[in-house]
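Listed after this line are the structures, all set down as structure tokens.
Each of the next two complexes has subunit A plus one other chain: subunit B in the first, subunit C in the second.
Right, the complex of A and B next:
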């Protein structure tokens, strides 16, 4: 079975049929659309899960474009899982919005883009998938068209997104010019026999690729759009951007750099290590001073990208690097999505993202507060939640790969990050609420939040579940 | 080493945690029997600890690991195992954990009235986690339990604390968490330095290169030093104690600080003996400074709780000093000191809670004539102070004496620490003079004395102190064998 092709067909048909259903049934069709979207994503999720645990054997029908391996299924699973979370929590979030049908359609197109990106091994397909992923998110980010902040975020996102696409494409064209192919594995073969005078040009092309990808990976200095866009977008879309599109970007980065890195005589790892340090430190320090939960989570997301970069830094030196990167990608996706969805619910009910509206929240919205607290503790890396184990593996990988100082800086950063996560928990559990009336927590949000929280705790108590999977993927990735 | 047919340590860890997680379900509607429920679980824990302790004591196997469970892999290829055991260092701490937890559960009955379900479930969670700290043989497992302990304590201080509780809770969490980060870094470095890589203490012992031992010593000094605490990492402690409710202060001083002392003995002495032997003077110096600092600062306090908190700083200095003397007297004395300090300071904190309750204030200069208004409380305060200042009717005398003897045996210059008990006596007597022996003021409302039940539970703190003075073998029979093991490690490090 060729998973990406099947899912491409399934999700495209759903996405394209949504506007038609909307035209045919009008208002009444909305509930069909919601369930149709959720069901098609659930089926995709099950298929990906089946291929991850080995129930469904994969075959490749387009071997030059898509590599149907475990790595692809893993990232596909992450992005579809997050998309499903976002769709279910959007049931209530965009309820009665005039463009509700299109919202789901666009979400599905983004999912297809992310899915293709997880499997793509051809630079051109990577670019197409990249655009398919990005374009709908530009619209989704500006979905509240009456809201100035939403517009500002969307415009900023679009301008920088277009720039990054341009840079990415420039890098791709340089590489094509140098080696005459856009397939990653052919590139790798041809690069090995390249005239050594041209190596600086390869380096330049690689940096262009990194800069292009860097926008989605939210690494410094390509992070400027993140706080504004995350704050302005509908908050479930912030969850999507932070938890899913970023992971798809990492999938592409892994495929590109795992192939290209080992061929270099110069040490790109060290440069990446510096970027990682700056990214995590800037994210954590800036998060300390934020007054709004979405901006706080945005900076935390930047900081987490810094931790993930550690995995890329030591990719050539230690297997633990990729294991940690995969492991933390999944954990971070779930944690960040939970936190953003909880924030979305609070925003929906109090129409505020201000941290002051979290005062005494544990008494008004007990389930939301609990889930948010757990996800924040997980992001902070407090054991025994899942975020601790994956960070531990990443820091271990750094030490194993000869970057002990990077691990130390990462650990110090973890310590800094605890401060702002803790302040939110303090507000929720120790401050007095402004109002005493309970707020009803909608079923759709509650089910997503509780499910995610249970996953966070279970995979924290039994970390080998995902660690072993990450290791298997890593082994098969390097041995293929 | 002793083996049992059932996993006693896992039960010690899991029973309270399980009890805690069931509590919200059981006491959803009525909270009438919640104290009894928690007390029963703690009582079972106490019986189990007694049973385990007795076996180690009678068989004299304090020097080796008993009741070993595991290693059962948690993450197979990353060396993270579930691996627990009990030796002469863990056993006294396990038993004092059980005792204090039970007494705290009972003592909270009078002093805690709101959000009881959360309170008692956190109390049990705390107990289970700290059992894990004292018995883990895998460094990451140890770290996990170490950090899990922080969360209940953070909430205890932040929810049930005094007026500045939020500040104190966050300060406490940040200080100890940052400390633990340094410790974790050392663990990761150690893991990759031995071949095959391992986090298990039994695998890495004796195989860490000297250079890494020195680096790890520094990292551990920060990690455990924050907990113990040593000067200058102690500033979280007075804040946390002053704001925490009295039963929580008991746990904080009685058990949480012991984690630092335990860490120094288990990791610095046990895993890094060569570095510890070479740089013992650094640690001893820090210990002496900590003792003098704690004692002098305690002298000028007017808040009785802050005063007791600072005596802890003073008394924990004995632990680090004893540990790094590298003598059987010193190390065994350090373990003994952790045991006696837990009981003595536990009683003092509990009394400060009752004092606050009956007189409405904790200000030493305001409370007057306690012997007239609350004779039972006054007598217990006198006894508690005697225990804390190491008078020879309680075993705290013995433990401090052992540490002092051990220190002087290493270098006569350390005789200077004999001055410490003198200062301690000074501030306790001064406090008693002002609070107990003064005339009552007429302006204050009439005080109420302790009830029979409260008096009984408070007297229970004194029993182990008297018992272990009369029969010191009860502790030393367990701690001396492990002290001998450590002394051998250190002396081979010097040679």
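Right, the complex of A and C next:
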């Protein structure tokens, strides 16, 4: 079975049929649309899961464009899982919004883009998938038309998104000019025999690729849009941006850099290490003084990107690098999605993202507070939650790859980050609520939050589950 | 102990409280009474299980049971029941039980008791997990668990009423207030111990990197890791990083500042966590890893600097904290400083163990002091809780003359304080004497004299503040506060309810008992710990026979005479007036102020770390997030021009497309959203360009 092609067809038919259903059935059709979206994503998720555990064997029909391997299925699984979370929690979040139908359609198009990005091995296809992923999110970010914050965030996102696409394309064109191909593996072959005078151009192309990808990877200093956009967008969309599109970006980065990285005659690792240090330190320090939960999570997300970068830094030196990167990608996606979705529910019910509205939340919204607390503890890397293990592997990878100082800085950063995560938990559990009336927590949110929380705890208690999988994916990725 | 079921006992010791705690909210639904008894019942079961393992400890045997945990990294989980862990678990188990009973009385009528019981029981489970862990990683889990519970319990009175504050409100040192709300104190404790934890983690991960194992038994069997560590010069740093964890958890210098403020929690919590058990976790860790490091190195001189460091930290902390205990006006804080100081003594003993020719002497002395201190300090704390409960004040100068009205408490606390002071034939006398005697075995004469001197001076101060405390509570005239209290309530102050005094009276009796059998207990410790070190760890042990060291004994008796004598004259007999004396002798007032202000260490930390990092965060907020408003607007166009030469694509997007959008957008912003404005797109683009330049410099540079 060629998973990406099948899913591409399935999801695009669904996405395209949504506006038609809306026209045919009008308001009544909305509930069909919701379930249709959720079901098609669930089917995709099952297929990807099947291929991950080896139940479904994959075959490749377009070997030059798509590589149907475990790595692709893994990232596909992450992005589709997060999309599903986002869709289910949107049932209540965008309920009765005038453009609800198109919201789901756009979400599906983004998912397709992310999915293709997980499998693509041709720079042009990567670019197309990149745009397919990005364009709908610009609209989704500005979905609340009346909200000035939402508009502001969306415009900034769009301006910088366009800039990064341009730079990405510039890098791709440079590479094509140098080696005459856009297929990554052909590029790798040709790079080896490249005239050494042209190396500076290769370096420059690399920088352009990195800067272009960097926008979605949320690495400093390409991160500027993140706090504004995460705060302005509908909060489930922030979950999507932080947990899914970032991971798809990392998938592309792994594809590109794992193949051509080892061939570079210059040291990209050191540059990446410096960027990683800046990213995690700035994210954590800036998060300390935030007064709104979405901005706090936005900076936390930037800091986490810094940890993930460690994996890229040591990619050529240690297998643990890729293992840790995969492991933390999945964990971080689940943790961050849970935190954002919990924040979305609070915003929906109290129409505020201010940290002050979290005072005594545990008494008003017990389930939401519990799930948020667990996910924050996970992000902080408190054992035995899953975030602890994957950070451990990443720091271990840094040591193994000869970047012990990077692990050290990462540890210090981890220690700092506890302060602001704890602050939110303290507000929820220690402070007195402003009102005492209970708030009903909708079923859709509760089911997503509880499911994710259980996953966080179980994968924390049995770290083997994901670690072994990451190891297997890494082995098969390097041995093909 | 060979049948399968017996292997389960150590697992159950920590599993029952941890799982039991998780059921607490459900049990609480049934009824409040049931919930309270349930919490105590779980603690009792765990304690009985600990006691059932005592025969193993008596025989000096060890058993070790493992299961696979993380197969990919070949990490196992397991329990290690040896004399050290079994003795420690009994101390923890039975003290917890008595304090849980006390809690029933002390916390009567409080709200949120489900949270209290949950945290207390979960704490006990985590502590037992630390004790029985056979590897660093599992131990670290428990380590974080007790930290979390400690945080929750210190800030238990989370409404931050002024009466729950610790310290005197309004007083400042270097502009930093010296009084903290419970939640502030909780966060302070958590963050400060996290510093130690980070160091601990660095230590064990580096160790893992070199040895490939977290397992204590494997570490003590294979010695190649130590050789390699020593070769790369990391042996001492790794040991010190691990010791960093102990420094944080046991509140040793320079991370001692959190413990005094941790007294903001309920007294029962202070008694259990911040006096008797958790703060001993650091000491326990050193007892656990000390022998491993000693056996791992070929020549003990390789690891000597580590032990020397431990000994010095212990001695300095003991001195520093005792000096502050002499001037504190809060009953619980006197006890807190005294705890820090006594733990310093234990650290000193374990450090000295590695500096002498016979490891076991210091080792036994340290563990002996741990036992005796845990018992009498828990008793003192519970007594103090009862007094605060009955007199409605925590300040010593608002007490006085209570010995007739609270006779039982008076007797129990006097026994405890006398033991703390080191009055002969009480448990504290024997253990302190053992520590002093062990110092005399140190080979380097400078270290010997310095450490011995510090320890002796600290012993004098200890005796002094113990008597000062007893004098100020029970002797002298009744304070105005107490007379007013009696008048307004119309009743005399009387003994606390039986549920409260029973536990501390029993512990006082135990202190007496341990005092009478001191040398026997010491002999028993030397026997079983020595047997264990020799056969399980593989250390060379010389027979340690109990003997009275004349120098040590005379020093400690002299210290008691000087310390207790002056304490007696000032506070019990009333011959000398402490306030007048301080005024009359020049320099004493300054010194007193210096001690009261905690040597200014606390203020220094606040100024450097708290205010410093807030400043940094604000700076980042101001300059990076909001942007460097005025300067950039002229720079951005210039950069746009440079960038526009990069290529046609770029040109199209930046100059044509975006520029108009930016312009329109800026107008939009300035017109509509001035209030919510958080950043300017032009600057974002500028930073984007800056990023590319940074990467270029990094790669080409």
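In the analysis below, the second predicted complex is superposed on the first by the 480 of 480 C-alpha atoms of A that agree within 3 Å, B and C clash if a C-alpha of one lies under 4 Å from a C-alpha of the other, contacts with A are read in each partner's own complex, and residues count from 1 in each chain.
We adopt the following convention: a residue touches a chain if its C-beta (ideal position, glycine included) is under 8 Å from a C-beta of that chain, and two chains touch if they have at least 3 such contacts.
Nothing here was measured: the structure is a model prediction, and the numbers come from that model.
Undergrad: Specify the outcome, clash or fit, for subunit B and subunit C once both structures are aligned onto subunit A.
TA: Once subunit A is superposed (C-alpha atoms), there is a clash between subunit B and subunit C.
Undergrad: Is A:405 contacted by the first partner subunit B, the second partner subunit C, both or neither?
TA: Neither partner.
Undergrad: Which of the two partners, first being subunit B and second being subunit C, lies in contact with A:463: first, second, both, or neither?
TA: In the superposed model, A:463 contacts both subunit B and subunit C.
Undergrad: Can A:478 be said to touch subunit B (first), subunit C (second), both, or neither?
TA: Neither subunit B nor subunit C is touched by A:478.
Undergrad: Touching A:149, do we find subunit B (first), subunit C (second), both, or neither?
TA: second
Undergrad: State whether A:274 touches subunit B only (first), subunit C only (second), both chains, or neither.
TA: second
Undergrad: Between subunit C and subunit B, which one touches more residues of subunit A when both complexes sit on the common chain A?
TA: C
Undergrad: Could you look at A:35 and tell me whether it touches subunit B, subunit C, both or neither (first, second, both, neither)?
TA: Neither: A:35 stays clear of subunit B and subunit C.
Undergrad: Given the superposition on chain A, at which of 169-177, 529-537, 619-627 or 655-663 does subunit C overlap subunit B?
TA: 529-537
Undergrad: Need the overlap of the two footprints on subunit A, from subunit B and from subunit C, as residue ranges.
TA: In subunit A, residues 382-384, 392, 395-396, 399-400, 407-408, 411-412, 414-415, 418-419, 422, 426, 430-431, 463-464, 467-468, 471 are touched by subunit B and also by subunit C.
Undergrad: Tell me, which parts of subunit C touch subunit A in their complex?
TA: Going by the criterion above, the answer is residues 70-72, 140-141, 144, 148, 155, 158-159, 183, 187, 190-191, 194-195, 197-198, 201-202, 205-206, 209, 613-614, 616-618, 620-621, 624-625, 646-647, 649-650, 652-654, 657-658, 661-662, 665, 669, 672-673, 676-679, 681, 683-685, 687-688, 690-692, 694-696, 698-700.
Undergrad: Under the stated contact criterion, what part of subunit B meets subunit A in this complex?
TA: Checking each residue of subunit B against subunit A gives 73-78, 80, 140, 143-144, 147-148, 150-151, 154-155, 158-159, 165-166, 169-170, 173-174, 177-178, 181-182, 184-185, 188-189, 191-192.
Undergrad: Could you please specify the touching residues of subunit A with respect to subunit B in the complex?
TA: 320, 377, 382-384, 388-389, 392-393, 395-396, 399-400, 404, 407-408, 411-412, 414-415, 418-419, 422-423, 426, 429-431, 462-464, 467-468, 471
Undergrad: Inside the complex, what are the residues of subunit A that reach subunit C?
TA: Interface residues on the subunit A side: 148-149, 152, 155-156, 159-160, 162-167, 169-170, 173, 200, 203-204, 206-208, 210-211, 214-215, 220-222, 224-225, 227-228, 266-268, 270-271, 274-275, 282, 285-286, 288-289, 382-384, 392, 395-396, 399-400, 407-408, 411-412, 414-416, 418-419, 422, 426, 430-432, 463-464, 467-468, 471.
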